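If you scroll down you'll find the structure; I have some questions about it.
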Amino acid sequence: MSFWDTFLPSLLQGWLITLAMLALAIPISVTLAISLAIGRVYGKRPVSLLAAGFVGLFRGLPLIVTLLIIFFALPKVGVYFAPFWAAVLGFIFCSGAYQSEYVRAAIRSIDMGQSLAARSLGMSKFREVIHIILPQALIRAFPGISNEIIYLILYSSLAYVVGVSEMFAVSKHFNSLYFRSIEIFSAAAVVYLVMATTASVGFRRLENRLRIPGLEVAR
Amino acid sequence: MATVWEYLPYMFQGVVWTFGLVGGGLALGFMIGLPMAIGQVYGGKQARAPIYGYVWFFRSVPLLVLLFLFYWGIFPASGSKLDPVATSIVVLGLRSGAYQSQIFRGSIESVGEGQLTAARTLGMSKLRGIYHVVLPQALRISIPGWVNEYAIILKDSAICFALGVLEILTRTRYVVMATMEPLLPYFIAGAVFIALTYGGTELMNVIYERIKIPGLIGKM
Amino acid sequence: MSEAEIVLKAENLRKRYGEHEVLRGISFEVGRGETKIMCGPSGSGKSTALRCLNLLTTPDEGRVWLEGTDVTAPSTDINKIRQKIGFVFQEFNLFNHLNALKNVSIGLEKVRKIGKDEARKIALEQLRRVGLEEHAEKYPAELSGGQKQRVAVARALAMSPVIVFYDEPTSALDPHLIGEVLEVMKELAREKMTSLVVTHEMGFAQSVGDEMMFMVDGRIVERGTPRELISHPQYEVTKSFFERIQELYGSER
């Protein structure tokens, strides 16, 4: 069998693992980001401090260190994660922290009058946030969030350190066997390029759909 | 088996290497990014296309892949024998250049066109105008974005452990292996990174406050 | 007036911000079908008073009753009370992410829990009432100031409130747009919609206002019919205020 006949299928498998990690990490990190932002803006002191601490921690730690701590250090205190789940968890925490900053800024940028109008209709704080504030904030935060998601797509390659057989791990493995480095890593680069570009184009399309006159998606 | 504490000096020495990577990467990125930004804003279509291609490439491929592509592939193939540190700095720099070019581009664009026009009516050539009028303003406006870039490169530098560069993370991993003790070393490494990230950005913010142009808004 | 006819009653409202006392004991009543006007120089506390009435601002002292229910009592569900009070803001405060129709219907859907179709029907009816049913699909940014404010009125009316508050509804509008909003407000006044209006528009006050309260520095200085206050004010301060208004705003509207 030629080199490519062995490499490409393995690369594809690695790519599927990458996709699986992303399929989990992306939606959950967005949810976490929204929760953290709401906690910081609307929560009582203990909640908002906790959220701020969480965000500060995972924005200060390099993602790679977070992954290593989750997978190698936590078992020492009895918390075990399989490689795949350690990676996904690390991605969720790290990306969620970064995304929450965008959501938080967006929420705070919403004019007070929106809140006053909502309350004057008899909406509870909960309803006001869900129906009036969040929809506008998420539209404003969209560019930031989509940027972070693209970063996540690229940084998913770090999962190899905890032993996940995603694309980069596969490439590294084949490199150590065949040493056809340029071909191997170019192939991997191409796949990431396509993923990142597709996501970027997709997000721009989505952004145009979400465009509401007057609610400028602040860049 | 030695305790973690005995390895602390060894671990902290990594900070020097980390700063080497960060400093080198930022500097190279600056030297690439600023001209590219100027080219993007003031150059014609001929200039913009390749610049955009460069930016697109280095922002769409993971750092890990780039590191290995260059270290194992491109550099050996082109004959240059670059060691892990040099390779890391080059790759970090090439990548940072792409990101910095967009920071500078945004800043240059936000210095209104009127500034350059006014400069030219004073008799300055376009180049002089850019150098004496636009850039001083644009660079100051760029500082917040640039401080952010520092924080990002600092964290990315840890990824260079994959090439064996003796920065903080590489040394941390050696300590973990040597002491069979993963908890403390990684926590210490984490604390160091957090301190360098927030301490560094705080320091730069303080300096920024000193040299800020009153009235010129730079988002922090 | 018998108790049953009093829609809103405010007693001794006080509010201070730090050292500055904005409201120094305001008391008044609004009867059913009445259009009551509040006017006075800026800083007199008129807007603060309005916001204290539905607890958008919490008064430091004083009580408020809406149709007999103590609004200020801790046990009262303020959201239920607010559903019965329509509020039209100076800056419109239309929900930017919703078109005109949804702006009007959202209160019905999410607060009153009325079904989507029913809410939509009611919303369209209210937009028709203010003359904007062709603009139902437009977003706030696509509407003129006068149109925005009329949507705001429709939004307030859709909830079938027992009283409507207007907080300087025309102050943020370009002069040529003020008329369309005042027309809507006059029509509602003629239909006997109980209203409390903070405004500078003396023409409007004289044409449909039943009673006017003149406020200075957090106190109600004079009350009476608009005509009385404007032509025969009791106090010097009232007199000079209205003279100034005449100067600034000129002809009646």
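We just call them A, B and C in the order they show up, numbering each chain from 1.
In this section, a contact is a pair of C-beta atoms (placed from the backbone, for glycine too) under 8 Å apart; a residue touches a chain by one contact, two chains touch by 3 or more.
Note that the coordinates shown come from a computational prediction; the quantities given were computed from them, not determined experimentally.
> Taking a step as a move to a touching chain, how many steps at least join chain A to chain C?
The least step count works out to 1.
> Among the chains, which one keeps its Cα centre farthest from the Cα centre of chain C?
So the farthest one, by centre of C-alpha atoms, is B.
> Relative to the centroid of every protein C-alpha atom displayed, which chain's own C-alpha centroid is closest?
Nearest to the common C-alpha centre lies chain A.
> Please report how many Å separate the Cα centroid of chain A from that of chain C, as a whole number.
Using C-alpha averages as centres, the distance is 46 Å.
> Just give me the whole-number Å value for how far the CA centre of chain B lies from that of chain C.
Whole-Å distance between the two chain centres: 56.
> Could you put a whole-Å number on the gap between the CA centroids of chain A and chain B?
The mean C-alpha positions of chain A and chain B differ by 22 Å.
> Which chain B residues sit where two or more other chains touch them?
Where chain B is concerned, no single residue meets two or more other chains.
> List the residues on chain C that touch chain A in their complex, please.
Residues of chain C touching chain A: 54, 56, 79-83, 85-87, 89, 91-97, 106-107, 110-111, 139-142, 152, 155-156, 159.
> Give every residue of chain A touching chain C within the complex, in rising order.
Per the touch definition, chain A meets chain C at residues 111, 113-114, 116-124, 127, 131-132, 135-136, 139, 212-215.
> Enumerate the contact residues on chain A facing chain B in the complex.
Residues in contact with chain B: 56-57, 59-66, 68-69, 72-73, 75-77, 154-158, 160, 168, 171-172, 175, 179, 181-182, 184-186, 188-189, 192-193, 196-197.
> Which bits of chain B are touching chain A when the two form their complex?
Checking each residue of chain B against chain A gives 56-57, 59-66, 68-69, 72-74, 76-77, 154-156, 158-159, 161, 169, 173, 176, 181-183, 186-187, 189-190, 193-194, 197-198.
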